[in-house]
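Notes for the one structure printed next.
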Amino acid sequence: MVLKVVFLLISLFTVGSAFMVVTHRNLFSSALFLVASFFGVAALYVLLEATFLAVAQVLIYVGAIATLIVFAIMLTRGMMSGRTSPRNDQAVWAGLSSVVLGLVLLYVVVYRVRWPVVEKPVPPDTIERLGSALVGPYVIPFEIASVLLLAALIGAVLIAREREI
Amino acid sequence: MFDTSTFIRLLPELILLVTALVVIFVDLYARRRTALGLLPGLSIVGLALSFLAVFAQWGTREVVAQTLAADTFAAFFKMVAAVAVILVVLASVRYMRARTRYVGEFYAFLLVATLAVYIAVSARDLITLYLGLETLSIVSYVLTGFLRDDKRSNEAAIKYFLYGAVASAIMLYGFSLLYGVTGTTDLQEIARRLLNGDVLVNMEWLAWPAIVLVTVGFAFKASLVPFHQWAPDAYEGAPTPVTMFLSTVSKATGFAVMARMFLVAMPALQSSWTALLYGLAVLTMTLGNLIALRQTSVKRMLAYSSIAHAGFILMGLVAVTTALGQPFNGLDGVLMYVVAYAFTNAGAFAVVAAVEDGTGGATLDHFAGLVGRAPFLAAAMLIFLLSLAGVPPLAGFAAKLFVFAPVVRQEYYVLAVVALINAVLAAGYYLKVVKQMFFVEEPERAPFAVARSMRWALWLMIIAVFGVGIFMNWFAFMASQGAAGMLGL
Amino acid sequence: MAFFDRWVLTIILFWPLLASIWVLMLPKEKEDQIRRVSIWMSVVPLVLSALLFVDYGARFLPRGGGIHYDVQVTWIPQLRASYHIGADALSVPLIFLTALLTTLSLYYSARVIKHRVKEYFFLFLLLETGMFGVFMALDLVLFYVFWEVGLVPMFFLIGIWGHENRMYASLKFFLYTLVGSVAMLLAFLALYFHAGTFDIVQLAEKRPFADDIFKASLVFFGIFLGLAIKVPSWPFHTWLPDAHTEAPTAGSVILAGILLKLGAYGFLRILLPILPTAFAYWGFLMVILGVISIVYGAFVCMAQTDLKRLIAYSSVSHMGYVMLGLGAAGVALSGKVVPLSPDSAALAMDGAMLQMFNHGIITGALFFLVGILYERAHTRDLTAFGGLSGKLPYYYGIFMVAGFASLGLPGLAGFWSEFFVFRGAFDIVRVWAAIGVIGVVVTAGYILWRIVANVFLGEFNEERWGDKLWDMEGYEKATLWPLVLIMFILGLYPTPLVNFFNQAAVELLTKAGFMFH
Amino acid sequence: MDTLLVLIPALPFLAFITIVLVTNHDKKLSASLTIGATAISWLLGWYFAFRALLHPEHYASHPMRWEVPWFPGGHSVFVTGFQVDVLTAAMLFMVPFLCLLIFIYSLGYMEGDPRFSRFFAYLALFATGMLGFILADNMLLAFIFWELMGVCSYLLIGFWSFRKPGETHIDHAQVVRARNASLKAFITTRVGDTVMLAGMVLLYAMTGSLRWSEVLSHETLEMLAHKVTTVPIFGAAPWATVLAILIFWGAIGKSAQFPLHVWLPDAMEGPTPVSALIHAATMVSAGVYLIIRTFPLFHIVEGYNGAMWFVAFIGTFTAFFAATIGVAQFDIKRVLAYSTISQLGYMFAALGIGAYVAAAFHLIMHAFFKALLFLGSGSVIHAMHHGHHVVHEHGHHEDLGGLEFNPNDMRFMGGLLKKMPITGWTFIAGGLSLAAFPVVTAGFWSKDEILAEAWHNGHFWVFWTLAIAAFLTAFYTGRQIFMTFFGEPRTEAAKHAHESPKTMTYPLIILAFFAIAGGWVGIPETFPVLGHIGRGWFQSVIATQAEAFHIHVEHIPFNPTPALISMAMALGGLAVAWLIYGTRPLGFEDPLERPLNGLWTVLHNKYWIDELYQNTIIAFAKWLSVTLYKFDDVWVIDPFVDGVGRFGRWLAFTTRRFIDEQIIDRLVNLTAWVSNLLGEWFRQIQTGQVQNYLLAILLTVAVLLLLGVV
Amino acid sequence: MVPLSWYLTVAALLFVLGLYGVLSRRNAVAILMGVELMLNAVNINLIAFWRYTRPDNVAGLVFAIIVLTVAAAEAAVGLALFIALYRLRETVNVDEIDLLKG
């Protein structure tokens, strides 16, 4: 019961922050709300007993991605001022269809489908398992992910670098 | 679980990776002029070696490191990709040198993209599959936006990026649902669990959403209408060699992944995904062709044409029969089309690149009277366009034959008629270019020369286009083996 | 002899391709050499096809015809498609016709074409291979390949060397034909799936869809569309006037002389043997389309002021006889109408085949003649002329022969086709044949009233034409004499040709299950 | 020896080929070639003709023949060849002989024509056609030659249909008239021929053969007479009747019977020897010959015989109808043309009532006297032309009552008998024969026989109509003679006319002999007194042939009533003509013009049949063709797209790209237009705004998911 | 214990909100934030499914980690592109870049 209340609070926080992310006029505030939302998600992971993921979430999302975003906002300065509308012409349509999609998803995914839920505790050695899975069966994705990161970094540098000429 | 055999199986990928690194290092440490000459050669050698490594293992059917399948299906696509990228490299030598300083990185990225393709086409696990596709996407964004000082290139990359990010997120959502209902990410395993009674009950509601969501990602890669809209912009804005890559290799990967996903993981849901793909096929070919009719830029026209061709390829998948041993099973049509289309479309874009080099643009007007100014280019373009139109004895005909056939076999008459009309529509705008090149005479415009590497690439592609058309049997053999090898791993 | 039997067709087929490659390798400045090479190279298939004609006539015709000189090499083993070529009593004369018209066209073009010579001769030779291929192919895939191969060069011939409106015409030609050919391809695939082979001979034995008239009809109409557009039968004819009018002279000659025959040939080579039930079932439709083509085409001719367009429409009318003959044979085959004479079906087909050959010769000649006039006057407006018979007597004479042959004057080649077609059709589809007869009268009307009266009779416009028009030159005479001679010879003694075609007709009908009493 | 049959048509053909290819430039050589070849054909022809005529019993059923296999058809082989039986022989007696005479006549008539050689080439070709036609042993071959004659007729009528630069003796109006006449002739006869072609192929289909001997064998005919078919509108009829009527249409066209008679008068635009040969003696009578040849087919049906009735009706009507028109014509040749139509009508009427022999007899006789009349008129025209030329050179200008001078116009003649006696007298001989001047002339005997048969067989309508026609014939013949040869010359041209050269007059004399004496071979045995002279030789010979065809020939007894009526009509007609035209000087107006008033106008304008056709059938055909073409054009090129195209063409002067696009717009007409429109629409979707694209994804996914839920 | 469906609901809401952000925001960086929200939603799904259906199989966790990594890489490349865009055009408003269209 407590868990449920906690869950509700966290999720309200998360979803609320997310809502602010997509609606706030000020871009910088949006970014802050994004960070908040990421923290909320990390808390949900904790509730789901995926602590490693929670940590990773904080490290990667909050530490890396959110920072990157803020950097980008600073570099493309002047964009957080609310002089022009943050929303484009199709915002209404986008809202309506998002609501429709959301309702359909909720109807199908949450209401209709009976998920094969099993009542099992999380094995205590989950983190070890995760580690060995990453160098075992999932070694290829793991390696590829590193290649991807390398390539993405080189690419990002290549593209974002100041003009030399 | 890691032994020598695994390394041997992974040799093609490793070769690519090593080559990519070597290219970067050479670029860093060699003098610029040496590097410019050396890099394409190195890349081609790497690709060729990797091609040979794949070819040497033709016929194997085994699981490598749990998440990869070393089967003929993957091998087929890998070989197509390797050859196509070699052509891309050849076509980009002069083009890229004239436009950017970062030639080394360009080739390295091409190699990494190829590697991603290798992974994606052989992935037999949702995770690997996703990662392969995503790597390909991200590298492609970089390649598209490679000319960072070019507004169009940048715009193309941004659109591609945003579109890709959203599409892959949607696909991921679909993956997560699939994972949720089956509890596994292994494709074969998913298929097995889907046959389980309980799961099937759940799937009654989930099958369609899962298919739709998953398809968004693949359809984005394969640029199927209505998930195609990034393509014309990205194709037009990207450096032309990259467009070559995107419109052939990248697109083929989309089909490979889609085929594997649907055929391996979801045979139980065939009626659902067939219906979806049927609709997409009709939309794709019709819309692509209709819009292509109205284009004045040849590059953009070819972009739309390649969208339309995706519709044709899809026909093979729509009409696929699970009896993959027979000819005209549909899947071999996809393979045939992909190989024929790779050469042909790559060729057409290569010509566009050469024309851009020679005249500074790629609108219909730039093609006027091409036969007088660069007869070889005109002739090559003619051959490619005719092949795209499906005129025998060129590759495009073989391709059309192999995708029309399953449709006729399955008696999808509406689809057949739509395809028929589209074949004609397509010919209409191809001829527009032919007309510009041959019928309009522009005696006052000066002739221009074509780079030697480009000549090589074009000759290779011309030979390939004729080869696939005339020695259809050999390619059909490979394709049917490729198709037959996919199931059961 | 064995060598001849095995290789003659392959050599005829690919010789022009080799020649075209040779032309392609010559530098484009050496125009005279290109012309010489093309002409002389094209003589080889001509001689060989003449030999083929004689040889087949001597060796196989008396012994019951059949397919000979056949070669079969596996091509796509998975699909059981092969390089299977052969010739029978139907195709041998048509191969000869192709070779003849091509050589004459090349010879004529050598003098007339002065612009982008290399491309022209390259394409023309390529075209010849395509046409030969269709007449020889015994495999549907091969047939389709050659069918399309012929399309592209003609597209260029019209588009580059044509007249004012050439781009429109060439596109229209290409797209129209493509619609048909893709439909045909789909139908071929359906045949394949039913019978498991692309081989025409085997398909004819297996007779796919013999028991399912609905599906047979679907397939039939797929192929029919492709062929009828090429023939062209009303209402699929609308590409033809444009294409013929805009094409360069030799292009029109080949277009009318050979390419239209490819369609008709397909009816005989594919539809009749493979889908005899559907062919019989829809024979009546072909009759109706044929008759409409005849009458409609003829009437439309009367309204023309453009000389070339007139001849073009006359092709619609004349190819209608082919359709009528084929359709009548189909109706007879269906057994719904029992002809009074058992030979009628064969005679109707004889007529259709003869018309294929004769129309090639006659309309070919007419297009040459129109071209000759156009070269001098640069107008095709037939009201601009008058009294040319006095100024150009030689030209007048030749034109009269061709014109009379075209209107089916007995004693010239064209008569026989009409006679045979009507002989067969009157026995089978009496009323329709009777309507078709109107076309014969109108044909006389447009040839004489539109062309001869306007162009040749009346007064010569001295101010406008003065010295601009002169009589035929040596090379023009040399181009036309062979055709005129054939018109005369066949007109009086059609026997050699009828021997071939009758053999083919009897064979085809017998195999399709027609009972000669 | 029978193989030599081939030579009869082949020799003139060789002459034709040689002239066209080789000797065109040499007028004399060309003419001699034609005449030489025809002469040999004539000798050969007479050899065969007399062989057959002297042994009719044998050759009637066993003709001389030469044959070769022609072509296969299905499982049968078509054999072709030439044959001479008695009927052929009769024609073979007349045709080459007349050809030869007329060719010789042409030497003089065509002298000085720039295309003299060409003329003789055509003549030779015509001889080929006619000889081949009568000799052919099957209908198909006959048809080929039949059409060949049609072509020659076309070529020769239009011989003056164009003017070479610098050629002045032909005026513009004549060029146009000749051109139209030649086209009219060809196309009108082609109408009949095509119907006949239909009949022929049906006959072929029915009987499996076209050989006269097989088609007309008794068994075949019986089969045809008993098989019944249903003809739309007309109902059931025996095949024989249907086929006969279809074939008869060929004859209607060729022999210029109503309603296809309109071409023959116009055909007089051709040179006069052509009129004499083709449009009087041979080709037009080929139609009659064809019906005589196929008569068994007409005759076989017993009881009510529609075919016979039809032939009789057409023949009788035409005989009367054309005669009335002949009364009101001024052109000397046109009068003869209408008379030819009328006389051919007689022959058909004879056939229609079963008078087989009489028809054949009249055919031969008519050929002689009508050829004579035409040649005579040619001689007159030649003289008038010459006279006019002389007058013109001397600068005289005379008042012709407001009329244009025309050498053919009888109103400008008069008194020519004195100027050109040979022509005059021979013409009178021919005229009397045509008018059937009793007893002495050939025409009398042949015409009388027809009337007698009609009377005897009780066809009174036929009889009386023909009798009145005979009166009219005599009347207009008399009118012609009086207007031309008697009285005083009414113009300077007539005054200056003089006799034609010998090449022209000798043939006249020879023909005049036949026009008078020819009939004596056919005086009926039963005719009082004279019957013993000829003993009806001709009749008995032809009767043999008829018997071989299972046609019973009745030897009708002499009946004075029809004979007297016939005589009265002939003499009456001539007498009335003399009263009106011979007794007082004539002006430029016809004495009958005023009294007859409206009727005259009707007759003079030939009942406006030409105008009727012009405004109905031909107008309809033209309308149809234009409409269909518009339909074709409009249908192909959608009006809208066409409009766009035109607009584009206008813009083309400023920008070329525009027109290119417009041309592409018209790509596949409407389809292309629609595709382009759709393309343009869809192109609008591609806004360039990536978020629009993304919204499209969302919408698609939402819609698809909803589809799954619903 | 919290029912699975609750997590799924949160995930779906996040997903849709992210999507709405992507579709409605003009600023490219804001759009990227929307994408990140969507990816987070997917990760919630994955981990919730792992926890509730197969806690003993770590595939879901691995998948989530991979998604995290990819998200980072994607963000890097995307932001680099935006910076280049800003340099070229002085704007990062996505609805202002439409050179390529039609």
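Just so it is clear, A, B, C, D and E label the chains in written order, and each chain counts residues from 1 on its own.
Following the convention adopted for this analysis, a contact is a pair of C-beta atoms (placed from the backbone, for glycine too) under 8 Å apart; a residue touches a chain by one contact, two chains touch by 3 or more.
Quantities reported herein were computed from a predicted structural model and do not represent experimental measurements.
Contact with chain A and chain B alike is made by D, E. Shared contact partners of chain A and chain E are B, D.
With centres defined by CA atoms alone, the chain at the far end from chain E is D.
Across the assembly, the mean Cα position most removed from that of chain A is the one of D. Per-pair counts of C-beta contacts peak for the chains A-E. The most centrally placed chain, judged by C-alpha centroids, is C.
Centroids of chain C and chain E (each the mean of its C-alpha atoms) stand 65 Å apart. Note on chain placement: the centre of chain C and the centre of chain D lie 36 Å apart, centres being C-alpha means. Between chain B and chain E the centroid-to-centroid distance comes to 26 Å (mean Cα coordinates, whole Å). Inter-chain centre distance (chain D to chain E, centres taken as mean C-alpha positions): 95 Å. Shared contact sites, meaning residues of chain A that touch two or more other chains, fall at 88, 90, 93-94, 97-98, 101, 104-105, 108-109, 115-116, 138, 141, 145, 148, 151-152, 155-156, 158-159, 163.
The multi-chain contact residues of chain E, meaning those touching 2 or more other chains, are 15, 18-19, 22-24, 31-32, 48-49, 53-54, 59, 62, 66, 70, 73-74, 77, 81-82, 84, 94-95, 97, 99-102. With touch defined as above, residues shared between interfaces to two or more other chains in chain D number as follows: 660, 664, 667-668, 683, 686, 688-692, 694-695, 698, 701, 705, 708. The set of touching chain pairs reads A-B, A-D, A-E, B-C, B-D, B-E, C-D, D-E, using the touch definition from the header. Put simply, chain A touches chain D in their complex at residues 88, 90, 93-94, 97-98, 100-101, 104-105, 107-108. Residue ranges on chain D touching chain C, taken from their complex, read 20, 69-76, 140, 143-148, 151, 154, 158, 161-165, 167, 172, 175-176, 179-180, 182-183, 186-187, 190-191, 194-195, 197-198, 201-202, 204-206, 208, 232, 621-622, 624-626, 628-630, 632, 635-636, 660, 663-664, 666-668. On the chain D side of its complex with chain E, the touching residues are 683, 686-691, 694-695, 698. Those residues of chain B lying in contact with chain C across their complex are 327-328, 371, 386, 389-393, 397, 400-401, 404-405, 408-409, 413, 416, 419-421, 423-424, 427-428, 431, 434-435, 438-439, 472-473, 476-477, 480. Taken together, the chain C residues at the contact with chain D in this complex read 167-168, 171-172, 175-176, 238, 241, 296, 299-304, 339-347, 350, 386-387, 389-391, 397, 404, 409-411, 415, 418-420, 422-423, 426-427, 430-431, 433-434, 437, 440-442, 444-445, 448-449, 452-453, 456-460, 462, 493-495, 498-499, 502-503, 505-506, 516.
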